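For clarity, chains are labelled A, B, C, D, E and F in written order, and residue numbers in each chain start from 1.
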C-alpha cells in the first residue's frame, strides 16, 4: 500500500466516527477499527521490503521553494514506530470501545484518536523535516483534544492546556531548529540531511539547532525539566493515556532523537545534554513514581523514568546504546500499554485508582492480576520477561559510559534508577493485588469482560514471548537499529539472549532488584520522609510562570488599551513627530534656493489674527460657543489668506465649508454641554503643551524648509496650465483639474460626502429608533429659550434672499469652468440657501413643502457623475474622458457645452443632497415633544387675523 | 484732466471714506461701554465703510478697464442683511440680559424675545457677565 | 494720472492698515466679550472687514477674480451670524 | 389667464429683482443675458414659491424709489453723526435709550423694511417686535427724548411705507 | 511672507494638537479642525506662495505667471473630504453622548471581570 | 480600449447609489443586488488577476490624460491579487451578514458595504498618491458607517475614537502628500520613483521626512504599534461581518507600504536608506509581541481576536520590513492567510456571541450548536495561531525562512516563535473556557433552548475555512505566484515605463528616456 494512503487513511477515516455517531457505539468503534486495521495492513504490505533493508519512499512537491515537500519514507525505524502506533492503536480502539461509558460521545473520541494516529504515523513516515514539523504540531493539537476529552473535568482541561503549552513550546522551538538545520544542509529532506553529518556538526549553527531541536524532543518526551506535563495528561480517559504514553506521543521525541541520531549525536554537546537529561529524568521519575498513590500517576512517572532511560541510551551515542534504546522502546511499549490498560480496568471496576484504597484484588480479579503482574515484573526487569533483556543491555551500556570525567556517575545513577523502578513495580503489584481482601472498595470489583482484558492480554503475551525467546525480536531490532545508525557506525554484533554470563550488568541488575524489594519493605517510613521533605512541584512552578506571564501581559496591555483616546493620540503624536524629527536629524539640509518674499501689513495682520484666534482657542476652548466663533475666525482668516495667495476657489470653498461646519456644530452643540469642564491636571496640560509645541515647531520647520526651496524638478502642473483650455475647455485651471484632469479624485470626493450623509442619516434613524428617542423628545433646554421661534424679519428677508442665493449658486455653477466657482461651491451655496429657509421658518414648515428626497438627490448626483464618466466608454475612451464644444443660439452669447459640466452637475447634486441630508438628520434629532405644527411661516404676523395665542401668556414676565 | 483721472480721484475719495468709517466702526466696537450701544457702530459704520470700498473698486474699474458694476450687488447684500444681523444680536442681548431691559410695550403684552415658552420659564437664566 | 495712481496706492495702504487694525480691534472685542452678543457682533464685523480686505486686494491687483469670493462671504457671513444668534436665542437653530 | 400669470409669476417683483441680480452677476448687459436672467427669474421663484405663500399687493414702485433715496441720504448723513458721537463723546455722556414705536403697518414685508431702515439709519437699531407685532422696539444710541425719535421714525419712514404698501 | 505662513501653520498645528489631547469630544473635534486648517495650508503651500497670480487663464495674454493650480485642487478636495469627516465625527460623537450622557472622549476602563480560570 | 480594470471600482460605485435610489426600503432587493455585484466583482477580479499573471501591466488613464498629469489605475500582479482577495472575502462576509441578519439591523448596510469595497479596490488599483488618499477616505468613511451599523452606545463610543484616530491619520496623509509634492512636484507613484532619483545627496531632509510621514500613514492603517490604538476597541465593537471585512483594511496599509517602498523608495535608495528597514522592523516586532500579549491578557473573546489581528499584522510587517524579494513574497502569502483567518475568527466569535449573554471569558451554559461552533473555533484558532495544518504555519515557515540571511534573524526567530506560543496559550485558554468549561455550567432553568447558528452563516464561515485550506494545499503554486509578484515589484522599470510612456490626450509619446 502506498505510504500516502497509510498516512492519509486515519485522517480520512477520522470523519467517519463522527458521522457514524448516530449509528451506534458498535458501528462507531467498528469503523474506527477497520480504518486503523487497513492502515496497519497497508503498513505490513511494506514489511518485506523494509525488513530487507530497503527504504520505501514516495513524494510529491508541495512548496518546493520553501523546500517543504510531501515526501514520505519508510525505513526500519519508521516501520518500527508505525507498527507500534498502528498495532497498539488497534488494541486501544478495541479496549476503548468497552471502556467508555454511555455518556461519552464515542464518535468524537474516535475522531480525535484517528486524527492523533494519523499525525503520529505522519511523523514517523516523514522524509521532510518541515513536513515532520507539521505532523509534530498536529500531534500536539490532537492530543490536546484527547486529553481534554472529558471537558467537564477541570483537570482534563488544565492537563490538556498544559500539554499543549509545553509541547507547543517545544514544537515552536523545533521549527527554529529545523529551519536552521535545513539551512545548513541545504535541504529539508531527511534523506539529504542524514548524509551531511560532517557539514552539520562543523557548522557554527550546530549548537543552536541542536538546542532547539532537543527542546522539542525533550518537551514531547517529557524529559527533565519538562516532565511535569505528562502526569497531568493522565486526566484523559485511560485508553488515551495508554496510547499516548506507551507507544505514541511521548515516543515522538525519542523517535526524533533516533531519527537525527546520525547527524546530531556523537558530539560532546549532544552527549552531555542528552545523557544528563535522560539520567536525571530516569532517576527522578522513578523516585516520584514510587510515592504516587494514584495508579495512573505512578505509571505516568514510570513512563517518564523509562523515557529518561531511553534518552540516556541515545545520548551515549554508541551503536550499542542505540540498539538497546530501540529494544527498550519495543518492550516498554508492550508492558506499559498493558499496565495502563490494567490500571484502567482496576479503575473501571473499583471506581478508584488510589493504591491506598486497594489491595487484595488478586482474589477478585485474577485475570487482571496476572496481566498486571507480568507487565509490572517486566518493567521491574525480572528475567524471562522482555523488560529484563533491555534493562540488561542498558546496564551493560552504562557500565561503559563515562560522563563529566567520572566513570561511576552514570552506572551509579542508572542502578539507583533501576532500583526505584523495581521498587515501584513491586509496590504496584503488592499494594494493589496482594495482601488481604478488603471490604471497603468503592465498588465491587470483578474481572471485566474479555473486551477489556483481551487487548492487554495480547500485549502481555508479547512481553513473555520476547522475554523468553529474545532471538525472535533480534533481527527486527537490528534492522531498526541499522536505520537509526544510518550507516555512521555498524550495527553491533551482540546477540539478544537471557544469559550473558556473570557480567557487571547482572550484578547491577541484582542490586537493583534486591534494593527494590528492600525499599518496598521500608516503604512506610520512606513515605513519611518523602511527604515531609520539601520539594518543588513542577506543575506549580509552571503554572506560576504562566500566571506571571499572563499577569505581566495584562499589566502591560490593559492600562495601555484602557480606552483613553487622549493617551492614544498622545502616543500617535509623539511617534509621528519623533519619527519626523529623526528623519530630519539624519538627513542633510542644503542651501535655500528661493528668496523670501516681503510681507506687507495685510499678511502680518492676517497672521496675527490667525495666531491670536488659534491661541485664544487654546485658552478659551472651555466656552464651546466662543471656541466655535474663534474657529470661524480661523476659517475666515485662512480663506482670506487663500485669496491673498491667489486661490479664489479655495477661499470660496473654505468659507462655505466653514459656514456649513459652524451650522453643523451648532446643531450638535445644541445637545452637548456648553462648556468643557477642567479635567486634566497641571502636569497633563504642561505635557500636552510640550508635545504640541514640539509638533508645531516641527511643522513650522518643515514648511519653512520647503517654502524656501524649489521642487527637485518642475512640477507637473505646468502641463495643466498649458492644457487646461486646450484640452479641458476651461480657463479656471483649478476647476479643470477638478472635473477633468483629476476628475476621479472628485468622484471619490463626492462619494465620501454622500456616504457621510448616509451615515449620518442611518445613525439618526438608529438613534431615533432606540432608547435615546424618549430622552430626546422630553429634553429640557438648559437655558430658557427666547420667544419668537421664527422671527418675522428673518422670514421676510429669506423670501427674497433664498431665490437670490439660488441664482448665485446657479451662476457660480455655470461660471465654474472659467472663473472661480464650480459645482461644489454652487452646491454648498444652494444648500446654505435652503438652510436659511430652514432657519427662518422652521423644520416642519420647510420640510412639508419640500419635494425632493435628499437620498434621491445624492444618489442621482453620484449616478450622474458616474454615468458621465461611463459615457466616454461609448466612444472608446477611458472613464471620465471629457469633450466640449461651443454653440451659439441667439440671442445668447456663444457658450460652451462640456461633458465636464454634467460631471459638475453630479457633483453639485451630490453636494446639495449630502449637506442637506446631514443637516436635516441632525435637526430631526432635535424634534421635541409637543412641537406645534407649523401652519405658518412666521410666529408673529400682524397681517394675519388669528393672532396666535399659543405662544403668548399674557401678564407674565 | 480727463474722465479717467476724475474717476481715480473718486476712487481715492471712496477709499478714504471707507477707511474712516471702518476705523470708526472698529473704534466704536472697542470703545463703547454697553452691548447695545456697541451694536450701533459696526452695523452701519462698517457697512458704510465696506460699501465705500466697494464703490471705490467700482470706480477704479471704470477708470482702468471696461468697468464693472457687480460690486453693487455685494453692497445691496450688505445693506439688506446688516439690519437682520443687528436685529438678531439685539435679541441676543435682550435675551441674555446683557443690557438694560426695555419697558414692556404699551400695545402688546411683552417683547417677543422675552416671550419665553411656558415650559422654559422655570429654568434659571444664566446671564452673560 | 500717475499722481492719482500713486495717491490710490497710498490710500490703498491706508485702507489695508485700517482694516488690519480694525480686525485686530474686533478680535480684542471678541476675546474680551463680555457678552455673547458682543462676540457675535465682533465676528460679524470681522467678516465685513474681510470683505473689505478682499475688495482692496482686488483693486490692488486690478482684477475682479475675487468678486465671487466677496459675494459668497457677504452672503454666508450673514448666515453664520444668524445661526450663532439663533443658537443663543433658541438653542436649536433649525426648529 | 390671470391664474396662469399668477402661477407663472408668483412674485413679479422677485422676478425683476432676480433678473437684475443676474445681469449684475454677469457684469455685462446684453440681450442674451437679460433673456437668460428673465428665464431664471421665472424658474426660480416658481420653484421656491411654496415658501412664499401669498404676495404683498399693490406696491407703488415709484414711491418706493423715492423712499430708497431718502433712506440712502439719511444713511450717509446720520453715519457722520454717529461717527462724530463715537469719536468725540465719552461713554459716560451717551444717553442710550429704548424707544417703543407703535406700528400702524400690518404687512410683514413693510414692517421688515421699516425695521431695516431704522437700523441702517444710524443712531437707532431696531431690536425687537412685540409679541403680537404691534410695536417695534428701537434702541437709540444717543437721544435726549425718546418720543422725538419715535415721532421722527413714524413721520419720516412709516408714513411713506404706508403709502407704498397701502 | 514664507516665515509668516510657516509659522502660522506651526501655531495652528500646536493649537490643534493641544486641543486634540483634551478629554471631551468637542474640543478634540475642534483640535482636529485646526489641524485640518494647518494641513490644508501646508498642502497649499507645497505649490509655493505667489500673490496676484490666480490660476485663471488669461486668454490671449502671453507670459502670465500663474500660481500652481494643482495643490489648490488638491486642497479643495481635502477641504471637502475633511468636511464630510467632521460631519460624521460630530454625528457619531453626538450619538455616543446621547446614549451615555457623557461626552468624554475616553472610554471608562473596562470593568475587570472575575478571574476566568487558572492560567494553564 | 479595455475598461475591465476600472470595473472593480465602478461596479460597487454604481451598485451603491442604485441601492440608495431604488431599493432603500427593500432589504430583499438590496441583498440580491449586493450579492450580484460582489459575484460580478469576483468574476472581474479573477479575470484581471489572470490577465496580470503573465506579468502584463495594465494601465488605465482616467480622462485619457497621461500620467503623471492625470490619474491612472495600474493593474499588476500585486494589485490584482489584492483585488481578488478582497472580492472573495467580500462574498463570504456578505453571505454571513445576510445569514445572520446583521445587514437588517440598521440602515444602508449594503450601500455602505459596496462603497467600502469601492474604496478598497480603488486603493489597490490606483497609481497616484493623492488618489490613494481619496480612496483611503472613501474606504474609511464607509468603514465608519459600517462600524457603527445598528448603533448601540458602546459601539458609538468606540466609533468616536476610531473616527478621531483615523482623522489624525488622514491629516498626516495630507502632510505627507504636501511634503512629497513640495519636494518632487508630482503625485504619480511611477513619476515619483523617477524624480526621487534626482535628489541630491546634500539635500535629503525633504524627501526623508516625506518618506517617513508617508510610512507612518500606512503604519497607522496597518495598525503598527504604537499607532495601533484605533484597532482593538473598534474591531471588537464593530458588527462581526464588518470586523471581518475590516480584516482587509489593515492589509491596505501593508499593501501601500509594499508598493511605495519597493518602487518609490526602494531599499537601495540612498536618501532614505536606513529609515524604514530598521525602525519598521523594530516596531513590527513590537506589534507582534504586544499583539500576542494582548491575546493572552484579553478578558473578552472579541478583544482577544483584535489583538490576534494586531499580532498577525505585526507578523506581516516584520516580513515586509526585511524588504527582500523573498520576504515580500512570504509577506504576500501571509497577508492572504491573515486576512482570511482574521475574518474567519471574527465571524466565529459572532456565532458564539449570538447565543451567549456576553463574550467575557467566564463560563456560561453551553451555546447553541456548540459542537459545530467549537469545531469551527478550533479551526479558526489554529489558523490564527499559525499552527498546522492551515496556511498560517506555512506562512510562518516562509517568513522565518525569509529572515534567514538577514541580520535580524535572531530577533525575528525569537519574537515570531515566542509570540506564536503565547498566541497558542491564549487561544487555547479562551477556547477551553468558552467551549469546554461551558459543559460544567448548567443553564438556568428558564433559559430558552439555545439557537443553532443559521445555516448561511455557517456556510460563510465554512467557505472561509475552505479557502484557508485551499491556501494551504495550493501553497506551492500560490507562493510561486507571490514570488513572481515580488520579482515584479523589485524590478519596477516595466511598471514605470508603462505608466509614464503611454501617451494620453494632448501629450506626445516620450522619446527615448
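List of remarks:
Convention: a residue touches a chain if its C-beta (ideal position, glycine included) is under 8 Å from a C-beta of that chain, and two chains touch if they have at least 3 such contacts.
Which chain is which protein? Per UniProt: A = Monovalent cation/proton antiporter subunit A/B; B = Monovalent cation/proton antiporter subunit G; C = Monovalent cation/proton antiporter subunit F; D = Monovalent cation/proton antiporter subunit E; E = Monovalent cation/proton antiporter subunit C; F = Monovalent cation/proton antiporter subunit D.
All values reported here derive from a predicted model rather than from experimental measurement.
Comparing each chain's Cα centroid with the centroid of every protein Cα atom identifies chain F as the most central. Of the two chain pairs examined here, A-B and B-C, the one linked by more C-beta pairs in contact is B-C.
With centres computed as the average of Cα coordinates, no chain lies farther from chain A than D.
Look at where the CA atoms of chain C average out and do the same for chain D: the two points lie 23 Å apart.
Centroids of chain A and chain D (each the mean of its C-alpha atoms) stand 73 Å apart.
One simple way to say how far apart two chains are is to compare their mean CA positions; for chain B and chain F this gives 56 Å. Touching of two or more other chains is recorded for residues 130, 134, 137, 141, 144-145, 148, 151, 156-157, 160-161, 164, 168, 175, 178-179, 181-182, 187, 233, 429, 432, 437 of chain F.
Annotation for chain C: residues touching 2 or more other chains are 19, 21, 23, 33, 36, 40, 64-65, 67, 71, 75, 82, 86, 88-89. Shared interface positions of chain E, i.e. residues touching 2 or more other chains, are given as 20, 25, 28-29, 40, 42, 45-48, 51-52, 54, 56, 70-71, 74, 77, 81, 84-85, 88, 92-93, 95, 99, 105, 107, 110, 112, 117, 119. Those residues of chain E that touch chain C in the shared complex are 51-52, 54, 56. The part of chain E that touches chain A in the complex is made up of residues 1-30, 33-34, 37-38, 40-42, 44-59, 66-77, 79-81, 83-88, 90-95, 97-99, 103, 105-110, 112, 117-120.
Those residues of chain F that touch chain E in the complex are listed here as 130, 133-134, 137, 140-141, 144-145, 148, 151-153, 156-161, 163-164, 167-168, 170-171, 174-175, 177-179, 181-182, 187, 233, 299-300, 360-363, 429, 432-433, 437.
Contacts from chain D toward chain B in the complex involve residues 21, 24-27, 75-76, 78-79, 82-83, 86-87, 91, 94, 96, 98, 100, 102, 115-123, 125-135, 137, 139, 141. By the touch criterion given at the top, residues 80-81, 83-84, 87-88, 91, 94-95, 109-110, 112-121, 123, 125-126 of chain B touch chain A in their complex.
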